[in-house]
Structure formats: structure tokens, C-alpha cells
Amino acid sequence: MAKLSENRWGKSEIRISKIHRSDGSDDFSDLAVQVLLQGDVESAHTGGDNRAVLPTDTMRNTVYCLAQDHLTRDLEAFASFLCDHFLDRDVTRAAVTISERLWSQAGATGFIGGNSERRTARVAKGAGEIGTWAGIEGLVVLKTTGSAFSGYPKDAFTVLPETEDRILATSVTATWRYSTLPEDATKTWETARETLVERFFTDWSASAQHQGWLMAVGLLEAVPEIDRVDLHLPNQHHLPFDISRFGLEDRGTVFHPVSEPYGDIGLTVTR
Amino acid sequence: MAKLSENRWGKSEIRISKIHRSDGSDDFSDLAVQVLLQGDVESAHTGGDNRAVLPTDTMRNTVYCLAQDHLTRDLEAFASFLCDHFLDRDVTRAAVTISERLWSQAGATGFIGGNSERRTARVAKGAGEIGTWAGIEGLVVLKTTGSAFSGYPKDAFTVLPETEDRILATSVTATWRYSTLPEDATKTWETARETLVERFFTDWSASAQHQGWLMAVGLLEAVPEIDRVDLHLPNQHHLPFDISRFGLEDRGTVFHPVSEPYGDIGLTVTR
Amino acid sequence: MAKLSENRWGKSEIRISKIHRSDGSDDFSDLAVQVLLQGDVESAHTGGDNRAVLPTDTMRNTVYCLAQDHLTRDLEAFASFLCDHFLDRDVTRAAVTISERLWSQAGATGFIGGNSERRTARVAKGAGEIGTWAGIEGLVVLKTTGSAFSGYPKDAFTVLPETEDRILATSVTATWRYSTLPEDATKTWETARETLVERFFTDWSASAQHQGWLMAVGLLEAVPEIDRVDLHLPNQHHLPFDISRFGLEDRGTVFHPVSEPYGDIGLTVTR
Amino acid sequence: MAKLSENRWGKSEIRISKIHRSDGSDDFSDLAVQVLLQGDVESAHTGGDNRAVLPTDTMRNTVYCLAQDHLTRDLEAFASFLCDHFLDRDVTRAAVTISERLWSQAGATGFIGGNSERRTARVAKGAGEIGTWAGIEGLVVLKTTGSAFSGYPKDAFTVLPETEDRILATSVTATWRYSTLPEDATKTWETARETLVERFFTDWSASAQHQGWLMAVGLLEAVPEIDRVDLHLPNQHHLPFDISRFGLEDRGTVFHPVSEPYGDIGLTVTR
């Protein structure tokens, strides 16, 4: 009596990043891809026969593997290529939707993701801990080179490979305390922001900890009114996606950005 | 046996926007303010005696009323002024924290809030509705003048005052369909984005509906490959905060941005 | 050359709560309503003629005013009544969508909104502040009576009316420290949760501060292993919506829940 | 001139689920764990020397591996065990914070996560598609057994292992259309909800598609006024965490819940 009127299955929120390397400078793509298929899959629904049900995990792997050769800045071309690929399988319709997060280029290998930046200010008076703090939240920065992580201790639970060159990305939360109020608080804030950005993109680092230290020291040097810096640098991991598992040459340009879990790095630096 | 070891009370997420008008062009502040007080309020906790409990609603009103004269771009100065104001009441400590959302100036009275902009692409092939769509999500734009709303029907439930000049702010979601694929999809997307932004800031409108129409028509004119435009323009209301209730002159620069509810405007325009 | 193919306008996220009072006990509705209309409004889009554009602010007011007499637990009946009301205006189609947040009844006038409750545990060892803490986050509770707020100081910015009976709603975050580890940590957590809930619903309070004190004292009494309680009680305001502005009798059952700003109450109680 | 005043590093949002199997019925834990360490790591910050920096990836693996034997319902005991483990490494302080999402047991192997459930209603009148729909959003259900996925097509990008028994979890969005209005809309909604829940927990399924079909058919059978059911069943994957990589026996009770990407399953069933 009941009949299947419509069906669709697919994978949503396939997050993929890609470095487009070229001689002078890198370009960077950060995408969330959705694949939705339709097919003659009535028996899968009514009888549990999966012979026509392409697994959504396969769709995900397909997106990563085909991205290495076929993903350029032309998103429509990549979506079209993926549709054609899936139509070669046992489906009647393929729809691919891509949502690209936009980053601003900052130098040859640096990018700023302007998605949630806020200036903060805090004043406390009266009893207890009092003073004036300024800060920044949600300053999202990423560099495609200039960061390493190696030489760390190993134990039975270590599988992380050492690396001398990786993507480093974080959403900076910085708070600094003024021992003396600067004359122009807004201009001083702009100097502080520029310093944080420049030290992130310019200084090579051996770890997020090391990078944070260089940023904090830079802040103390650039703004004499600051006597204390608190930095929170959650590590927004971009994991290499291992394409060689699928018999393909892995050229190291395709990554899997993950939201959870994240490395949680904090430090406080004083004069 | 139990004793009150610490206390704090206040108001969080006091959202306030202010137009800093000047001759050549406007400036714009968009803040979330938190006020937190401490005091000798043990009897309020243990016995329900509220004589020393400044209501959090009063804190909120205070922030709006004092903003008209005292809020500049120097956030620390405004936070400090508020602390002093509250310390004149019956409290032992005042802390004010301000978080400013950053907007980029676009012309004399226009602002772009770059917080969540995404480029979208969608291709569908096979059976059913097929084609290529491109679009943009989270393009947040605001103008301090150049938009009216009047002449609408009234009934028993109408209290909205008519206005010939107001803040208009929205987060544009636009999707357009290509009848022919453009040669350079990325360049075409940039042209489309610029057109949407320019028509929003340049064209006077009698309503969000009118503004949307002008933007859609602009898109059809600018990009010949487009044959259909879908626009979603949620109205991000900035309500005038009535300062005259408190016996102060109201100069029309202080607003209360509200997230809920929002006007929900959509339109589809074809050739 | 361009033509308006589709249009829709309306109001989304109209948040409304209503107490359904009866002799033995209250019932409670917590809704988000969306109204979307379509009409012959081509001239509004193309020429800025608003004569057929019912303001979305009027839609909002309509929902609150009609809720007093017509909103029961039958959501479909209320949505249908609203559609009929708007079809009497100058529109060709009306669609009303309601989303109800579900609360569990807890006694005659108490409700628990089970939407985000989490048990927390924290252990720190080594240098610095060490110990074992347990807690709860996102315990959302609301009572329709049994809470007052009056007797507070007034100044030039005070407009809040004093009340001896109001809705009190909060999302409890509680953290407590164990001086001695309880034998059964899970059972002890359940006792703690029950105590917090019972003291919120059973004890009359003169303020959120007073309610928090009674809850903290209850916890210290119920669980001897606890030596310190931290409570955070953001006040989830349900503001009375003034229906009398529209010439209707106001029976005090219709409220406007607001997310921003919120009263921010915290306290620490020790033995 | 600058000195490191404080440091902390760790891993946040380590999401882990565990089935506590017993004869009569299963129990289920769903946790987010944060590990934060402090140590004598000044040279890591100032000089990039990582010899004392335990990688946050190792912390993550440690949590999964130790969970198999040591995670019970006593969260404080597990947190304490983890602290002791990390204090054996080169650190001066370890803090572990656990946040547990609470599920309600529903039968021997079923669980309902009551975190966001909403009842929906929708009425449209006038021109175009009109009618009355009811529905539910955010009905989160999980079963530890009674679901398989095998017999699907393989290609070069397939690595998913076939399974005859897995965790199946989803957040049900269901919308149904009434051809005739039921007499008691609220009671009918409750019947519909109970039917969806029962068919999810009781019926064995060969896929999410199969499970959805059985739920939709159950709804059509239970409520004669319904003539169409739309179901959206995003697959909330709980991936087995491979403990055998670390030389440990893998007993199949420890899982890694992932938010992104997710399988996206939809179907429409009519009479």
C-alpha cells in the first residue's frame, strides 16, 4: 500500500582543503562538499537489498581522490566532473553542492579567514583585580609552510609522524594588559593586530607553542604600554588525506580539515 | 554554616549599535557589552533583601543612554566611564567587557561585515531539474541611510512608525542559474558579487523588497549568462532605542540590533 | 526585460511563550512562529509602492495578540487561524510554520527543558590548584510562579516594574568540589541534580540571587562530601507582551522570550 | 626581557563513545574529554625544543586506548586515572575535564538523546501548495545493535568494511501531511512520535534507507489521516576506534563519534 515516492542519499559536510602550489606563491581552497544521489533503489528501502546503494563513505573518498587532479578555483567545473563520475555508477541523478570559505591572501603563503574577528576591551575597577585589557578574538590565520613539529617524546600511544613542514592554522584569541593607557587606544589596537599577524606569517616555528611565544614577544616589543599577554591558540588541524591508499600518487596537496578534537595551546608572557 | 564566598551580577550580550555621523561620511560601531558588578549583597542572597541589587535591566538602559554622548571608537574609555558610573551606586567592583564586531567601510555610508561570506556552486545532472547554479551566502551589508519604509497598509495590530530614512542591514543569500556556462566561472562570480554590493549601497530603496529587485535586475544586466536569480534577504533589524523616555534628548544615533524575530524577504527574478 | 517570478515576505523566529493556567496546574507553550505571505506585490518590488506590503512587524504583533484567545496545545488550529486572518488582508497565500520546544512538566507549575543537559567531571593533579569537581551544565528549568523581584534601588535609568510574581527561567551551570570523594560518584551526582531541581521548584525566591543561594545551601546540606558550590544562573527572560496597547484586555498569559541581553548571575557558596 | 609566566597545552573536544555491554542490556557513554597539561617547557616556547612536549595527538590516542579497560560510569575515576597516567610523563600538572551527553535508555539496546526535540506544525492556505503538515525535529535516537550495512557496490574508492552489526544513530526530522485533520492533533502527534521511536528500536534494518522505510510505513499504518511522509535521517557516525594499532586487544566497545561528514539520507513515502 505504501510506495517510495522520492529518495536521495549522499554525504554532507565533506570538508576538504587544497594547496594550489605555484612558483611565486600558493593559493588555497577550503570547501565543504555535499554529494546527493538518486537511483532505482526501491528494493534497498523495502527489502534491504544494498546492491545499488553506493556507500556515502565511498562518495567521501572519491571527492578527496579526484580533488588532487581536478579541483581548481573553478568550483562549477569540479562539481560537474563529480556529477559525471557518479552518473557512471548505478544512479539516475547526481547533484553536487560546494560551499567555499573565503580566505584573504596575506603574502606568498599566508591567509586570513575573516570570519569572526572581534576587537575586545575590558576595564575593571574597585576591589579585586583591576586594570585595562584589550584584545582580539577570532583572528583566523593559516600558513601553508613555515611550521614544523618534530623532536617530541614518543610512547606506546604515539602514531603522529614528525614533520618539518606543515599547514599551521589557528583562531587567535589574544588579551593584553596595559600598565599605562596608550594615548590612542584604537591605533594601538591596530598596531597590536598587525604585529600578531606579521609574526605569525613571517616567523618560522617549531610548534604552535613556539609560534605563540614569538607573537607574544613581538607584542611586548611593539607596544611599550603592554606588560602581560595571554594567548590562546587552538590548533585547527588540516590532516593530510592519504591518497596513496587508493593506488594514486600522493602529491601532498589535499587535506582533511577537522573541527574535533583540536590541540589546545595557551601561554602567558610577561615582562 | 553556609557562607557567601563570592558574588557577581550583571547583564550580558547587551547589543548596541551607533552611527558616528560626520560631514564626509559615517562611522559605525556594533558592540556587545557585558556589565558585571560585585557588592555587599549577602542579605539579598540569604534573605531576599533587594535594596542593594541594582537591576540588570537598569544596567542595560544605562549603557544605551550613556552611549549617545560617551561612546567613541575608544572602547576602553567607554568601559572605564561605565565602571565609574556604576561605582557611584552601591557596589564594590565593576567590570565592563566590550566585544566589537568589525565592519569594513564601503563608501560614505556603507559597511560590509565580513564574518561568514561563502561562495557556493551547485551542479545537478541526470533526471529531474538539472543545471549549474552559483551563489553567495553570508554577504553581510549595512547602510546607515538610503532606505525607507512607508506607505504600507495599517490595521489594528500596526504600531510600526513610517520612516523615510533608516538603517538597512541584511545577510544576502543569492543563487543564480547559468543558461550558458561563463568562460571564467571565478571571474564571473566576482563580477556578480560586486554588482550585488554596488546596487545595495548605491540604489535608494523603498523597502527590502525594492532593494532586492534592484539587486536582481543588476545581476541580470551585468552577467548575460544568468537567466534566473533567487534572493533571500533576512532583515537584520537595528531598532532605534528611545532615549527620550529617560528625559534625554534623542539624537537618533543609538540603536538596538535584534536577532529575533527578523523580517524574512525572498524573491525570484527571471528574464 | 526582468520579471518577478516569485515573491514571499514574512517574519521568522517570532518567539512566544504562553501559560495555560488551570485550577490544579499550569501548562506551558514555548513556540517559534514563522509567517510567510505571497501577494500581488510586483509594484512594490519594481517601483517601491508599499500599499500592498503588510509590514512584518504587524505580523509579529498579530501573532502575540491572537495567541491570548486562540493558542491552545493544538498548534495546527492556531496556524490555520492565523492563515485565515492574513488571507483577509491583501495577500494570495499565507503559510504559518510553528516549532515548539518541548518542556517536561515537573510539579504543578514547574517545567524542565531537557535540551542540553550534560554531566561534568573535572580532576586536576600535580602542582597548583588540585582536586575533584563534579557538575551539571544546561539544566534548563522554568517556573510560572513562585518568584518575585521588588525592593531594588531606582535611578534615572530604571523602568523595570516591580513584581511579586513572575516567570523565572534559567539554564543552570553548577560545579561543586568534593573534599572527600563520594563512594558512588554517579549516585551522588543524581542526588545533587535532584536537590538543585527540587530547591528551584519548591522554594519561593525574592530574586535569582536568592534562588541560587537556596539551591547552593540545599546542595551543601544534601551531600556532605561537597565543600564548595559555584552556580551560574543566566536569567532567561520571558517579558510580558503588552497586549493592552492594541485595545485588548491583557490577561497576563502571553510572553516574549528574549535571548539577548540576559541577566548574568553568579555565586560561590562554601561551608 | 620577556618571560613565560604560564603555559598549558592539551587536546579539547576528544569525542568518545563506549558501549558497556552486559547480559540483560547495554549501557552507553557519550563523552567529550579535554586534557590540559603544564610542564617545564620554557625551552619549547623560547627555542623550539620539543623534547618535553607530549603531542596532543598522543593525548587523544591515550584517551581512547585507556577507555576500553578503565572507563566506567564513574567519570571522576576515569579522569583521575588519566591524570595519573600523564603525570608519569614529563609534566608538572594534569587536568582532565569530561562533559557527558545524557541519553535516556529505551529498551535493552536503545537510547534517546533528548537534546533538541521539537514538535512542528505547518499550515498553508490560498494559492499554490496548500494543506496541513505536522512533524518532529531533532529526535535523536541510537541503538547499539540491530543494524547492518553490507552487500553494497565496491569501486576503487571503497574502503568501508561491510558489517552485520553496528551502532545506528540519527537525528530524525519527519514531516507528514494530513489528508484529513485528526480530531486531536496533539494526541495524534504523540502517537506518531511513539511509532517512529518504536520502529527504529524494534525493527532490524539493512541500512539507514531500510530503517527509514520501516518507520515511514509504520507511520502510515498507525495514523490513517496521514497520506505522505518525508523523512530526513542524517547518519551520526560512531566509527570504531582501532585499538589494535597500539598492540592492544580490540574488544569493539570504543567508538569515535564524528560530526563531519555525515551520511545524508532522505525519503518520501506515500500511500
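Each chain gets a letter, A, B, C and D, in the order it is written, and its residues are counted from 1.
Note that contacts are C-beta pairs under 8 Å (C-beta built on N, C-alpha and C of every residue); 3 or more make two chains touch, one makes a residue touch a chain.
As the structure is a computational prediction, the values presented were derived from the model and not from experiment.
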Chain C reached from chain B - shortest hop count over touching chains: 1
Interface residue identity across copies chain C, chain D - same or different by half: same
Most distant chain from chain C by Cα centroid: A
Geometric centre distance via CA averages, chain D-chain A, whole Å: 23
Chain B and chain D: spacing of chain centres that average the CA atoms, whole Å: 35
Centre-to-centre distance between chain B and chain A (centres being mean Cα positions), rounded to whole Å: 27
Complex contacts: residues of chain A adjacent to chain B: 38, 73-77, 79-80, 82-84, 87, 91-102, 114-128, 130, 132, 134, 137, 178, 181, 184-186
Chain D to chain A touching residues, read off their complex: 1-15, 32, 34, 36, 41, 44-58, 60-62, 65, 89-90, 149-160, 205-207, 209-210, 212-213, 216-217, 220, 228, 234-235, 245-247, 258-271
